[in-house]
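I have a structure I would like to understand better, so I am pasting it below and will then ask my questions one at a time.
A, B and C label the chains in the order they appear, each numbered from 1.
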Amino acid sequence: MSATAHSVVEPSTASKRVAATLVVVYALISMIPLLWIFATSFKTPPDSIAYPPKVLFTPSIEGYCNLFTTRTRQTPEYISSLPPATSFCDETTRKRNMVIAGPSNFLPRFVNSLVIAFGSTFCAVFLGTLAAYGFSRFRVPLADDLLFFILSTRFMPPIAVAIPIYLMYREFGLSDTALGMILLYTAVNVSLAVWLLKGFIDEIPKEYEEAAMIDGYTRLQAFRKVVLPQATTGIAATAIFCLIFAWNEYAFASLLTSGTAQTAPPFIPTIIGEGGQDWPAVAAGTTVFLVPILVFTILLRKQLLRGITFGAVRK
Amino acid sequence: MQDLPSGKSVVTDTTTSILDRAAEAAVRATPGTLARRIRGLSDRMVAWIFIAPTIVLLLAINIFPLIWAIQLSFTNYRANRPNEPIKNIGLSNYSRILTDTDTWIAMQATAHFVFWTILLQTLIGFTLAYLIDRKFRGHAFWTTIILVPMMLSPAVVGNFWRFLYEPQIGLFTYIISFFTGIPPTDILMLSSVKLAPWAIIIVDTWMWTPYVMLICLAGLRSIPDYIYEAAEVDRASNWRQFWSITLPMALPFIMLAVLFRGIENFKMFDMVNLLTGGGPGSTTEVASITLKREAFEKWRTGFSSAFAIILFVAVFGLANIYVKVLNRVKSR
Amino acid sequence: MKSTLKMSVGLAAGLLASSAMTSVSQAEDLTLCWAAWDPANALVELSKDFTAQTGIGMKFEFVPWTNYADRFLNELNSKGKLCDLIIGDSQWIGGSAENGHYVKLNDFFDKEGIKMSDFVDATVVGYSQWPKGTPNYWALPAMGDVVGWTYRKDWFSNPELQKEFKEKYGWDLDAPKTFDQLKQVAEFFQNREIDGKKVYGASIYTERGSEGVTMGAMDVLYSYGFKYENPDKPYDMEGFVNSEKSVKGLEFYKSLYDCCTPPGASNSYMGEGVDAFKSGQVAMHMNFAFTWPGLQKDEAVGGEKVGFFANPAGPDGEQFAQLGGQGISVVSYSDKQESALKYIKWFADKDVQAKWWSLGGFSCLKAVVEDPKFPESQPYAKTFLDSMAIVKDFWAEPSYASLLQASQKRFHDYVVAGQGTAKDALDGLVADWTEIYQDDGKM
């Protein structure tokens, strides 16, 4: 995205100022929902549903306490019969006439998300790198058809894919297993990985490997010692894209997992309090869930365009 | 494929034989000799060994299930009745779907959603890209900020929008009522039949305008400066330059963005499912939600497979026509 | 970048290993699946005794009502091993028995001396038997539940409001006995200012995704004279489901939604109802009895401020209420059926059932609910007993999910989205249900 200086066509200062104002206003408005999630996660339940909505409030970590625990309402007599509170969360809960019954399922779900996202990303990038190199360097019969076939799997609505997968996993005992989800996400991500990585590898001049092979490297050695190091940036960017997909995915996860392997996205909307959703706890879960993605977005900003268009647009 | 004399396609033949040989080698050889054997592989074999695992995985997880789904779509199979005999009922699932008014209601809801989200996202996205292309100071930083919403999970963030849309305590309703004077209890974004379709369009536009913007930005930056310089020499007005240079040259990029968004929103499930669940009534019941209800709530597996195939053919067909048009625009 | 790659690979491997290890170490724990609601949290508290007694750890998988049926029917249909014990909804019993999801409990009951005659009859029929009325048991009645109403006693007893109400409607403001009275009370409170806050008449079920609007509408329709089928001819629905009385009942439900509910209550079920009542928004609140202990204990609206009444009667004096509640079953795909049966045996014990009631669960054991002290044990105990005496339930057929989806759509389209007439909705429902039973080969 390095800017080539527009000489004659450099925009005027005035137009720049107008453009800057409009863009900044849009950016700030589009940030409001995210800032609100963050703010809500530090509100107490009564503050979160106050009218008018509270912009200024005393921060509290009750939302985070509620995110990680399940609680049950009891009579003051019952509560006073218990041993004294041992932690801040314990104390906050008792002030609301409740006791902590146990840990919530958020942590195991978060761990599932990590395992499945990293596992499937690793597999997709591994397979994708090999296949991309194959397509990039060799004359593969029907290459275009195969590449299109790889991409076409993305046209299916996830629910449509999920129907036969559901039956298949039920037969093979893969329902609600991390392995099943890793396989599925790998299959979905590998199309992205092949397309992106083929682009990256195409950019590495063939002459490098040829020179290495003249020096006595075998094809595989040349691949490992010459191509892979050159492609690290591309591989890393691809990995992050795969990771983001697997991390954010909801449709498959909500249909094919129920507990053991359930990831965070289908879980977070089911965090409820005594009535409907416990918004501070939901906001806390959302915040914890979004932070890694924010970090990755910043790391990736130069490669984003390529990633979101399957490598169709390079710049 | 079955017409081939061998009964197998060339592709599978090669794949299996290589896999067989690799497996044989793996069984017999110690790691050292294995490495020596692989080192001696021809390029052709390397190519197949590299590509085969991906193809096998896709065959297993994508194509095999797809074929299964096609087969199921001709039956009355129900996944929650494993003990019942499966009857072949021919095309009647397909005819039932295509003649059912509910299908067309779902299709209309989908079309409304796809049309308006694409229109809004293209307009706002292109405008933003055009403004960012003025290259004011700090534009890179603000671009990154604008991009954030599209990286987030539509399910998790979509769920939170329910809170923003709450009639009284929601921030969105509060802000709207602050500017319009309508009482905040009367702004029923998710409950009113009129507003709910717009509620999902707003969230989708908020999330995905950055996407269109990013692609449009690449389009604008791909226009070489010398074209503008030539226009300057001809004293063409800024307005003329925009219509005769900027827009036509960015058009393939805009169309690409529209293609990707169109496919994605045709498949839309997660955000709408969490925000409205298809309601009120069936006003926001987009195709994927109908499909989920048929497949995983009513458990009409055969019926829903047929519906899935119809959707797939529709997306695939429309996308193919679109790509043809896109290529024509590009080559112009 | 290279080091980042290596790191992430290492991290992934480590995580895989650690997750495998945690699942091994907890292999002996039982997992109990239920809905995420107050009674479930009370059960967590209660089950600590079971762990203390037997050394068997308990894990819990609670899902909100709006996803509960989806998630767990999906889990059972996929033959999943997540749940060893499941407290499944009353209507699942037919499908779960016929498709082999639940372990049949007759032999176990005989061996352990657990007698179904010790449990409230309506709960045995509702939660445990399939086919209905035969001695085939697939669950132990665990949680009695029924739709009833709560109201703001403090508002109802305000002398000024009482006077104004009497002048307007000619009877003393009190818990309504008929649906006409209920509507008048709701209208009276709708948009009224109380303590400087605008309040509304009633919170009712309107949820679309799972079963909300059906449970709510049926609760009213029963008292209006709705019947699922011809009592003499099974599955004959024409003229019963869509009788004139049913149409009146559905029209009433819509009019109640249109006139007297809080704004935006178009997708409201148990949780939203509780929120509306607790935040002081509504004068009356339709909900399952499980919400009552929590409301009774609530700081803001509980204690003396809350009253309870059973579902009112319809125009002909008929009075019914929608059954809720569940039995606890052993999942046939579980590897730990023996421990799971131990839990059921422990749970059926009289003392455990008594503690269950005191912690906020609704016991179905006659020894608990027929105890002479029971009606006075909690302010809502009598309303609960009265309501349990008039219950009706939705279809419990194996096709329950399809039947429910049909009514959800028809009712929501009419009541909330205002499409068509009540007659259209019910005629459509007869058509949908007929089609489902024809597909099943039952008609």
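Keep in mind that, in the parts below, a residue touches a chain if its C-beta (ideal position, glycine included) is under 8 Å from a C-beta of that chain, and two chains touch if they have at least 3 such contacts.
Protein identities per chain, from UniProt: A = Carbohydrate ABC transporter membrane protein 2, CUT1 family; B = Multiple sugar transport system permease protein; C = Multiple sugar transport system substrate-binding protein.
Because the structure is a prediction, the values reported are computed rather than measured.
*Asks:* What pair of chains is linked by the most C-beta contacts?
*Replies:* Top of the contact-pair ranking: A-B.
*Asks:* Measuring between Cα centroids, which chain is at the maximum distance from chain A?
*Replies:* Result for the farthest chain: C.
*Asks:* Taking each chain's centre as its mean C-alpha position, how far apart are chain A and chain B in Å?
*Replies:* 16
*Asks:* Starting from the mean Cα coordinates of chain B and chain C, work out the distance between those two points in Å.
*Replies:* Taking the average C-alpha coordinate of chain B and of chain C, the gap between them is 38 Å.
*Asks:* Chain C: which residues touch two or more other chains?
*Replies:* 74, 77
*Asks:* Hey, what residues on chain A touch two or more of the other chains?
*Replies:* 49, 166, 170, 255, 277
*Asks:* Where in chain B do residues touch at least two different other chains?
*Replies:* 79, 168, 296
*Asks:* Which part of chain C faces chain A closely enough to touch in the complex?
*Replies:* 1-2, 4-5, 8-9, 11-12, 15-16, 18-19, 23, 31, 33, 36, 38, 41-42, 44-45, 60-64, 67, 71-72, 74-75, 77-83, 270-275, 278-279, 293-294, 297, 299, 359-360
*Asks:* Of all residues in chain B, which touch chain C in the complex?
*Replies:* Listed in rising order, the residues are 76, 79-83, 166-168, 185-186, 188, 190-193, 276-283, 293, 296-300.
*Asks:* Mind pulling up the chain C residues that touch chain B in the complex?
*Replies:* For this pair, the touching residues of chain C are 69-70, 73-74, 77, 95, 98-100, 198, 208-209, 262-267, 398, 401-402, 405, 409, 412-413, 416-419, 439.
*Asks:* In their complex, what parts of chain B are in touch with chain A?
*Replies:* 10-11, 38-41, 43-44, 46-51, 53-55, 57-58, 60-62, 64-66, 68-69, 72, 79, 124, 128, 131-132, 134-140, 142-157, 159-164, 168-171, 174, 184, 206, 209-211, 214-215, 217-218, 221-222, 225, 228-229, 232, 253, 256, 260, 263, 266-267, 269-270, 274, 287-288, 291-292, 295-296, 301, 304-305, 307-309, 311-312, 315-316, 319
*Asks:* Quick check: in the complex, which residue numbers of chain A touch chain C?
*Replies:* Against chain C, the touching part of chain A is residues 49, 70-75, 97, 99, 101-102, 105, 111-112, 114-115, 118-119, 121-122, 166, 169-170, 173, 175-176, 178, 229, 232-233, 235-236, 239, 255, 258-260, 270, 272, 274-277.
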